[in-house]
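By letter and in written order, the chains are A, B, C and D; residue numbering begins at 1 in each of them.
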Amino acid sequence: MSVPAPPLLEVVDLARHFPLRNAFGRRVGWLRAVDGVSLEVRPGETLGLVGESGCGKSTLGKTVMGIHTPTAGDIRFAGREIGRLSRRERRAVAKDLQYVYQDPGASLDPRWKIGPSLHEPLRIHTTLSRAERDREVRAILAAVGLPDAHLDLYPHELSGGQQRRVGLARILTLRPRLVILDEPTSGLDVSVQASVLKLFRSLQEAFALTYVFISHDLSVVRAMCAGIAVMYLGKIVELGPTTRVFETPRHPYTQSLLAAVPRIGGRRVTQDFALEGEPPNPGDVPSGCRFRTRCPLAQARCAAEEPPLRPLDGRTVACHFA
Amino acid sequence: MAELLAVRGLRVDFATDRGPAQVLDGINLDIATGEVVGLVGESGCGKTTLARAILGILPEGAARIRAGEVRFAGTDLLREHPATVNDRIRGRAITFIPQDPFTSFSPLFPVGAQIMDLMKWKSPRARDGDRPSSLFARYPRGRYRADREAVLEILRAVQMPEPARALRRLPHEFSGGQRQRLMIAMALLPQPDLIIADEPTTALDVTIQAQILRLLRALVKERGVSVLFTTHDLGTAHEICDRVVVMYAGQEMEAAPTDTFFGRPAHPYTRRLLASVLGPDGEIRDIPGEVPSLVTPPSGCRFHPRCDYATAECRVERPALRALASGHGVRCHHPVDAPAGADA
Amino acid sequence: MRLLALALHRLLWFAPTLFGLLAVTFVISRVIPADPVALVAGETATPAQVAALRRDLGYDRPLPVQFVVYLARLGRGDMGTSLFTRRPIVEDLAHRLPATIELTMVAMIASILVGVPLGVVSALWRNSLLDHTLRVVTVSGLAIASFWLGIMLQLLFAMRLGWSPLNGRLPGFPPKDLTGFYLLDAALTWDWSTFGVALQHLALPAVTLAFPALATLVRFTRAGVLDAMQSNFVLYERAMGLPRPLIVWKYILRSALTSTVTQIGLLFGILLAGAVVTEAVFDWPGIGTYAVNSILRSDYNAVMGFTVWAGVIFIVVNLLVDVAHTLVDPRERAA
Amino acid sequence: MIQNVNAAWFAVTRLARDRSALIGLVLIALLVLSAVLAPVLATHPDDVFELHPSERLKEPSGAHWLGTDRMGADVYSRLLFGARITILIGIIAVGASLAIGVPIGLVAGYYHGWVSDLLMRVSDIFLAVPQVVLAIAIAQTLGPSLPNVILALSVTYWPWFARVVYAETRALQKEVFVESTAALGASPWRLTVLHVLPNIASPIIVRASIGMGFTILTAAALGFLGLGPPPPTPEWGRTIAESREFLPDAWWYAAAPGLAIFLTVMGFNLLGDGLRDVLDPRLRRSGPARDG
């Protein structure tokens, strides 16, 4: 085996805490949305970030992107620390590191025509002439499968699917290296979801993109990602190759999550679904292992001692008893 | 099984800027006593409109019922006196679980007050003479106590922690899963024959959804209540339903018992839809084309522009519903007879 | 607890806002082309007399010093002396306060009692003849100049029909002074003839004052009810077959009122602004007439006094509105 | 550019379909017409300055459509010339308020921190006292004249625009397209001027239209209290004040200018309401209930 390429994105012990304030505006605690997360993404790879609402996966994505500033930890992009840059320097990094919102169509200014919207990223980050920009924009538009004629339309004159493609094209004009996709298929019908995922795949090939894929939908992550990180209350509980994690989940939370997904064919999986209760308030996390309040394996040690991520069976797991 | 609800040839139009949209186009639906029927389809197929039409709460002004009947236990709800339907059917024989448990409670009143308001008018113990005659009429004392007992009991049944305390709390103090448990409790309290559940788990996380599905199925089976369960998620339909009906552009395309529906689907749309669900193989299959406009729907079969099997006949002639086997109907000129996935 | 926190939080802003308001008014009132001292001293005063008076009044010192002196006095409840009436302004204001408050409160209560139900009905039967009529009335209410409306009412009801007095608050002696509110005092002393006369005098100015406020309330209530009718909980209650009167008069109205309560602060602003002009039209012996007269006579201490009073009233009302909002919306109340 | 013209035309045709907005447009058109064509339309154009003691307080007739005033001048003709003053006051005062309020609101809305707190506190101070009171104080301080009235109104009205722009900017910041354009690396200047401002134009226009009406009302109140432009300027508010001593006999003297104020303000309010419906997509009537 050859030497693996250096990681494109390295996140080390990253934390993002939000202050909780009382009625007087005084801080009464911290919401530890992301609390000591480490991961690596190699060029050309797709890393899936899964978890339920409130687990911190979106905050993690936005912190990497620079929309939130990190409370602690490092973010290294292509070997360079980007978590503590000045605003101006940080804006320049946006050329290589892009973020796709849940509905990329909504990222278009409703009062701007498609043409200017697609030119804008190039105007911000490059000194290309108008003609050069135009060539680039047309090429990208073709790559997402839309005709040139759309350049003269307003977003509301396009269908939802077309808006989504334009939104992606806008990000691709800069030819970024890493793209963070935040819940890109949430709320879509299965057939539409399938065509969106197909588009992501073809764009990844065409533009040599690296993806961080944030989703609550396990089947989507399974279809798209080579690696997967499962998050629970601001922490990664299991991290490894997708096939391994899906076939033999080792963390009890991963096991429950997989067991909860309704499956077509065979027997009803929810009939004997065992996980009880709901996730605790992220502003008041349990001591020790954060999953212990719902965990079927929980013992005294879990309350006292926070389990570190440890290698096990080809992936890492944060559980004392996995 | 006895027939409980029969929708026949229901047509509903919505006024839009571009003309009337045929949101329901001669749809039929049957629900037997004690049966859980899933109504699946993609956004805009008309499943929510059908659920609201059965309940009689289509948006006033915009929606117009053009034809058809909604027979419930023998009476046509569309032709029955509206006051009678509101009094005896809605909230008593037919109840409702909404999609969004976050906004379906008034944020300003404790949930207990809202539940007791429901019970004041819709309690199964309210005989005709015992029902409050006006807004200011008192809640009959004896019934109040019995109703409150019933409320606490049902809250225990939906596994609401500390039921008596829960009644004093405001809706925003509950999590989404707990609120949906309250909604299920309220749907069961009047001891209805039919519950209409409109995407009740869409807003929930997957582990909470699993808990709610398990709970709902256990409670309705135990009580023998029929359920109409609309969802866009085929996996959810598989989990909870005895029978599944799939809708496309305002028409029902196929109706079959759950095993048949997922095992041997006959309609090309159903087969495409099932194939687009992501499986462990990692294959991604979409349905080419887009959902048609309901203002100017395609001629003949509404699915023909996207169908692999379409012929000249499909473009011209609207297919009738035909029975393939007992309980298995399909609206297609060329139904497929092969197990699921055979043509994917 | 949350309520207390909110009130305290608001009070924290009270001081700086009031300070800013004072500073603005002070600067405006002192950087003036006309010399108030010369005005007070009269045309026959010698320059020496004017200078003596200026020193007397403290107008010879630098502006910031004057401001600090003013603030210090204000802290002791001393607003200075009116340059014109030569009486303490606090006394002048206190003397006239009940008249204004009586007028404003009656107008406010009337507009709430009439406006809220009309707003609800207008929303329930939207696009009906009633709704259209009310829309014309409310649009007019916000377009009409209140001083002109007052004059037209005087013209019709006082001069032509003779149904009501032209102006003033009460001829002859007021009822026994208990609260300063004539209606209340007359009622408390069982003096119903005085009550009637006071009411007659109050009617036209109150209607004039209430009209724009009423229009605002109808509009807000209508919008609030329409909003609430669109909400999911109303859909749910309809689906569960709850009686329509229950849905409308309990759930929808309560929901619409939470936003209407917030508007009452705004309403009070309309009324207070209106009172200044309306009192002038009807010779109503309240703060508004006092303010207008003081301004016209360049009586700047009095103007400052009025501004302070108006600002304090405003800030206090907004505070009360916040508190009321908390009381109406239980989500705010919960700890 | 052509697109903008088309969009504007589209808005106008939509407005014309809204009945009340149409009435508003007609009223404003009439006002502008009377102001521009005052010398032509007036039956006695010289009466603005001339006295005709013999013609004092004549009832409306063929010669004097709306009667005459205490100087014997034709009320109708003076009204037409008064429209010029009204429009002048409205446009300059609202324009100046926009010029002050919009940038302040934008800056306070876009940045989070003590600067925006301070800016909003300052506008709150102005909003803490009824506008008419503050305007009276300023107008009196500066002395009664047309420029001073306009100045007083501008100084007291800008906080309303600052508030609206502030609230809209804050709301817009939560929109995905603003956040994503920022994530694209756009500078604050580009974001506020090229993206935020065009998207909050509608509420500003609506507020400006209603503000025209409000400003004209306040200006009339100032005139009524004797703080407006001095005679013989045919200002409407002052005319009403002058008429009071001749009531109830010379009813036309008081009624006519009041009606003129009413119709003008009504026009701007109706137009503002109509614009709100046309320009604000959030309030646009929606189609059928969507599934899913």
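Simple rule for what comes next: a contact is a pair of C-beta atoms (placed from the backbone, for glycine too) under 8 Å apart; a residue touches a chain by one contact, two chains touch by 3 or more.
Please read these numbers as outputs of a predicted model, since none were measured by experiment.
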| item | value |
| --- | --- |
| Chain labels contacting chain B and also chain D | A, C |
| Contact-richer chain pair (by C-beta pairs counted) among A-B and A-D | A-B |
| Inter-chain centre distance, chain A versus chain B - centres from mean C-alpha coordinates, in Å | 33 |
| Inter-centroid spacing, chain D versus chain A (mean Cα positions, whole Å) | 50 |
| Centroid distance [mean C-alpha coordinates] between chain D and chain C, Å | 23 |
| Distance between the centres, which are taken as Cα means, of chain C and chain A, whole angstrom | 55 |
| For chain C, residues that touch 2 or more chains besides their own | none |
| Of all residues in chain B, the ones touching two or more other chains | 42-43, 52, 232 |
| Per-residue overlap in chain A, given as positions that touch at least 2 other chains | 189 |
| Complex contacts: residues of chain C adjacent to chain D | 13, 16-17, 20-21, 24-25, 28-29, 31-34, 135, 139-140, 142-149, 151-152, 154-155, 159-160, 269, 272-273, 276-277, 280, 291-292, 295-296, 298, 303, 306-307, 310-311, 314-315 |
| Chain C to chain B touching residues, read off their complex | 231-233, 235-236, 238-246, 249-251, 254-255, 258, 328-331, 334 |
| Footprint of chain C on chain B - complex, ascending | 52, 55, 57, 85-87, 89-92, 95-96, 98, 100, 103-110, 117-118, 121-122, 134-135, 170, 172-173, 186, 196 |
| Chain A - residues contacting chain D, complex | 65-67, 91-95, 98-99, 101-103, 106-113, 120-121, 124-125, 170-171, 174, 189 |
| Residues of chain D defined as touching chain C within the complex | 20, 121-122, 124-126, 128-134, 136-138, 140-143, 213, 217, 220-221, 224-226, 237, 240, 244, 247-248, 251, 254-255, 257-258, 261-263, 265-266, 269-270, 273 |
